[in-house]
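These are the structures, in structure tokens.
In the two assemblies presented below, chain A is common to both, partnered first by chain B and then by chain C.
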Partner chain A sequence: MNSAQIEIQLIASLVAIACAIPGTFLVLRKMAMISDAISHAILPGLVVGFFITQDLNSPLLILLAALTGLITVILVEQIQKTGLVKEDTAIGLVFPALFSIGVLLISKNANDVHLDIDAVLLGELAFAPFDRLFIGGTDVGPKSLWVIGTILTITIGLLIAFFKELKVSTFDAGLSASLGFSPVVIHYGLMSVASVTTVGAFDAVGAILVVALMIAPAATAYLLTTDLKRMLLLSIFFGLFSAIAGYWMAHALDASIAGSITTILGLLFLMVYLFAPSNGIIAVLYKEKQQRIEVSLLTFLLHLKNHSEKRERHVNHLREHINWQKVRAKTVLELALKNNMIVINNDIVSLTKKGDKFTTQAIDYIITNEDAQIEGMKDDFFLFRG
Partner chain B sequence: MSLNEYFSLVFSDYTLRTITLGTAILGAVCGMLGSFAVLRKQSLLGDAISHAALPGIAIAFLITGAKDSNTLLLGALVSGLIGTFWIKGITSKTHLKSDTALGLILSLFFGFGMLLLTYIQKQPNANQAGLDKYLFGQAATLVESDVWLMAVVTGLCLFVILLFWKEFKILLFDPDYTKTLGFNTRIIDILITSFIVLAIVLGLQTVGVVLMSAMLLAPAAAARQWTNSLSTMVILACIFGALSGVFGTAISASQNNLSTGPVIVLVASVFVLFSFIFSPSRGVLFRQLRFIKNRRDLEQHKTLAFMYHIAKTHDNISHPHTIKILNNFQGFTRGTLQKLVKKNYVELDGNMWSLTDDGFKKASNLYNQQNNE
Partner chain C sequence: MKKIIILLLVTVTFNCKDSKRDNGKLNIVTTTTMISDLVQNIGGDNINLEGLMGSGVDPHLYKASEGDVTKLVNADIIFYNGLHLEGKLVEVFEKMESAHKTPVALSDAIDKRTLIGSEYFASNYDPHVWFNIAYFKLFAQKVARVLSEKDPKNANSYKQNETKYLEQLDILETTIKATIATLPQEKRILVTAHDAFSYFGKNYAFEVVGLQGLSTATEAGVQDVQELAAFIIEKEVKAVFIESSVPKRTIEALQAAVNSKGYAIEIGGTLYSDALGNNGTPEGTYIGMFEYNVNTIVNALK
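Coming up: the complex of A and B.
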């Protein structure tokens, strides 16, 4: 590894962490699409800032562009407040309009602006180490490393200082208002951090991939845990991992670094989406199937309890009466037998003592809906785990 | 070229005619399907799908090695559909909310598409240049066959929408009821979503991945402000969309260095802004005017009620009183008094006022909802 490679990986990692922190809160607050809107809408701010400063890494430009991001959020909220359209429509109307203005500004002044729309949208991390910051003539590292480092330090500082407030206002805005932290202030604070991070990161990874770095690690972490601190740490970890792995993938394929980072993020999400222990697709489908069988079992046991006549309890009759297919009837019958709920004599099914007790308890639970009745059953049955 | 020149050339010049026709048809079909997207609260789905189409374009190119726009659009269609159904899978099977799902699919697919595009650019194949026109769109590359394709798809959309009009409408406003009536809601849902994806994919070449969502939303959001009827809304959205296409093309053709896609989007945004402000029933302007009028009426009623309570205590209701006693009353101004006189509720005589019979009757029934007209 040469020093440029290390610097690129360092920048990518810092961007990933700086994005993961506000991203976690955006995902929890159901505002993920706002980050998409901000990342597009900063374009006119960037262009105007570039006219003034002629330098993509100048702090003034970052502030101007971040301000455009905030204006977007306010515009969306104002439009939504009129009640004429829903929030998502408001988002979808505002950012393409602002983005169009940005594109037109660039194309009208193509001769004066050395700013490529592709570069703004897609970024080019590979060039980041060439734009260096000199303090008093000495080379102190790439400019974007300093920019994103500063943003990350501020973000972490704010996170630690206002963690409690963020947590309360995210999960219970009403409570936080009554405790005296204004949800509005925290909302705009978060939006400002998201805007500044987006602007600081676009140069490295491009505006759209900022969205990926904000949402994907947080969403992946959210599938694995419901603890806020753990979710933050996990999303930082996922961001870091994909930044490093993405760099080496791009190196191998000779393709865009930002694109590879996103692809790794996508693969990570896909794995977690499929295999997460309790919220993954496979686990969910298994749980649903299990619940379906258990509902059938319960129906079956209730049927037995309701009928003392032999005719009603004959194995063949059950199949036609409850209208189950052969396979399903067999699964249920076997499940009940295995749990010692029923005995079969001469093809006549009857409840055992255990089965009778279980059925009574289940009925009690269905009628009263009190949890205490079923504490014991929760270990054996998904159905009652809620 | 000035705007006048443009309109004189639009019927004779091949390029201008093709582009104008193309953007107009695109605007119309987007408006038509966008109405459904907006009403189903799926406004941002368009944004996600248009981004999700990018890897499809790249993969189609990698497989065929040719830049035939139809194959590329087919790839875009497939990958757009995969994205859409994955979004549905995420929201229905996990606790992630729809905004997270949209953002995820949008950014992940787009990033993957970028990876593929940059990979393709490094390949020793002279044919690859120009794939990035799908990012921002280039209306100038439209040829007659593209327009024909758009026209055919639009016709197909129109046919299906007319055929399943009642199903679409009922699913839009009451999905549960639709289910109880025995319609297969899943199939209707898939049908309409697929058409939305199709419309988006068609527009990629013209306005590009990034701005496509606005093409879908803006005409529909503008049309929504003028009517409460679905059929009127769909027709209006078509017209707004087509007009945005035509005017956008005209403006961008009449100036140098103005790309068509962004101009079309801005024209559509102007339609939205105009509708938000000037729509007679929902618009901000008329709502504010109604609000002011209501407040005036209320003040007038308050004055009338106050007079009524004074007049009530006298045997003769038209007994004159001095204006001075109204001075401490909040809702009273000289203007409101004049208005009451004009309505024949009050008579003025120098510094004295008196209620007329009409005014007394009106005031006594003021808060009686049943008799109040």
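Coming up: the complex of A and C.
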């Protein structure tokens, strides 16, 4: 591994962390798309900054771009406040307008500078190590490493200083206001950080990857936990993992690095979406199936309780009378047996004491319209679930 | 956390000056396939050559891959076309000067006043200079000069290769002129996907019309297609051409537009404009590519 390769991974990792932190709050506040809006809307800020300074490396560019990012947020909120359009519509109205102003400014006045749309949206991680920073003639590493490092340090500092405020205002704006920290200030603070991060990272990794790194890790983490601290840590972990794994995928395929990182982010989300222990698709499907069988079981037990005549309690009757298929009847019967709810003598099914108690209680709940209680009761009675 | 970052930064900074030449040969990186072919001809076995763009890659739309990073890290000299052909890459190359690498814009060898300028911007020139063999000869001389400076012990070999290659280019020029002479002046109208053949047209008295602009990144509008279709019918052009590195759908749209006006036009074949053909085929070299293009054009328009 040569130094450029290490530097690329280092830059990608720092960007991943710097994005995951504001990203987590954006996802929790259901404002994920605002990062996309900011990433496009910063263009006019960059262009104007360039016209003033004539220097692509001036910090004024970052400042002005971050400012346009904030303007985007304010405009979105003002339009949304009218109540005439929804938030996503407001976002969709604001950022294309700002972005196109940027495009027009470039195409009219600065056609041959590097400020093209492609550069803004797709920056090139592969070349980041070659744009180096010199202090007093000594090479101190790639420029973007320092830019991102600075932004990350500030972000972490702000996160630690305002963690409580961020937490409260994210989950309960009313409480936050009554406790004395204005949710508006926190909101704009967060948006400024998101804005600055997007601007700082766009040159190195491009806006698309910034959006992906803000949203995907946080969205993935949100599937796994609802605890804020844990979600932050998980987002950072997923971001880091994708940055490094994506880099090596690009290495193996000799492909675009940003493209590979984004692919890994997508795959990671898909895996968690499918396999998350409690909210994953597979877990949910499994739970649904379990519930269906348990409902069948309850129906079956109620049937047994209502009928003392042998004809109604014959094993084969289940299929005829309750109109179940063979497989389902067998599953339900076995589940009841395993849980000691029934006994079978000469193909005649009867409730055990435990089964009787369970059914009586369940009927009580159903009559008093407290169906939800049955779910809790299952924990007490069931040795095995469906 | 911060300690780790600082530690990494330190390692990064101190690692910067390793990984140079492996077998004593110069490591050369080139951009387009035309330049790769040229540098290979001059450098021969005395250099390690790595091209960034493969055959069929459009230099306007080139995207860097992970492998390109290593190629550039190890490079001693980078030969590129310049004149904005490689877009943003040029800026990256220029920054590399500080990292003890030598970026060489071959188009610097050409007197800018002789270039075809952009209609709109004074400092912008048509970058497709390799379609003027005289310019390509300047490229060859520049490559030989730079290689000799950086690697004096093989200077003789570079000089010999240069002389040999320049002779081949002279022969190419003669052959092409003879072929084109068989095509009457009024039939010399070249319609292609983008404006890559202006220098070619200027040299051999072709009227050149490109459907898209200079950069393939621009898209042709509906009106452009209709206007060009009218032009083709008026001038009774027999064929239009596809380019290997540009999607052919725009040219097919043009063909459909012409056909719908009741005039039959055929696609004369595929021309190599911004990239050479596959390695190992005749079109995989600059000379082979040029001959192939000229034969295709002349045969289709006759």
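Following the convention adopted for this analysis, the second predicted complex is superposed on the first by the 324 of 386 C-alpha atoms of A that agree within 3 Å, B and C clash if a C-alpha of one lies under 4 Å from a C-alpha of the other, contacts with A are read in each partner's own complex, and residues count from 1 in each chain.
Keep this in mind: a residue touches a chain if its C-beta (ideal position, glycine included) is under 8 Å from a C-beta of that chain, and two chains touch if they have at least 3 such contacts.
Note that the coordinates shown come from a computational prediction; the quantities given were computed from them, not determined experimentally.
Participant: Which partner, chain B or chain C, touches the larger number of chain A residues?
Facilitator: The larger set of chain A residues in touch belongs to B.
Participant: Touch check for A:D254: first (chain B), second (chain C), both, or neither?
Facilitator: both
Participant: Going by the contact rule set out at the top, does A:F130 touch chain B (first), chain C (second), both, or neither?
Facilitator: second
Participant: I'd like to know which partner A:A194 touches here: chain B for first, chain C for second, both or neither.
Facilitator: After superposition on chain A, A:A194 lies in contact with neither partner.
Participant: In the superposed arrangement, which partner chain does A:I236 touch: chain B (first), chain C (second), both, or neither?
Facilitator: After superposing on A, A:I236 lies clear of both chain B and chain C.
Participant: If I apply the document's touch criterion, which positions on chain A are contacted by chain B in one structure and by chain C in the other?
Facilitator: 118, 250, 253-256, 260
Participant: So in the complex, the part of chain B that touches chain A is made up of which residues?
Facilitator: Chain B residues touching chain A: 38, 41-44, 46-47, 51, 89-90, 93-97, 99-100, 102-104, 106-119, 122, 132, 135-136, 210-211, 213-214, 217-218, 221, 224-225, 257-259, 261-263, 265-266, 269, 272, 276, 282, 284.
Participant: Spell out the part of chain A that touches chain C in their complex, as residue ranges.
Facilitator: Touch residues, chain A against chain C: 2-8, 10, 14, 111-112, 114, 116, 118-119, 124, 126-127, 129-132, 134, 139-141, 145, 149, 153, 156, 247, 250-251, 253-257, 260.
Participant: Inside the complex, what are the residues of chain C that reach chain A?
Facilitator: Touch list, chain C to chain A: 1-2, 5, 8-9, 11-13, 15-16, 18-19, 63-70, 72-74, 84, 88-89, 91-92, 95-96, 98-99, 120-121, 123-124, 217.
Participant: Under the definition above, what is the set of chain A residues touching chain B in their complex?
Facilitator: Of all residues in chain A, those touching chain B are 27, 30-33, 35-36, 40, 79, 82, 84-86, 88-89, 91-93, 96-97, 99-101, 103-104, 107-108, 110, 117-118, 121-122, 208-209, 211-212, 214-216, 218-219, 222-223, 250, 253-256, 258-263, 265-266, 269, 273, 279, 281, 284-285.
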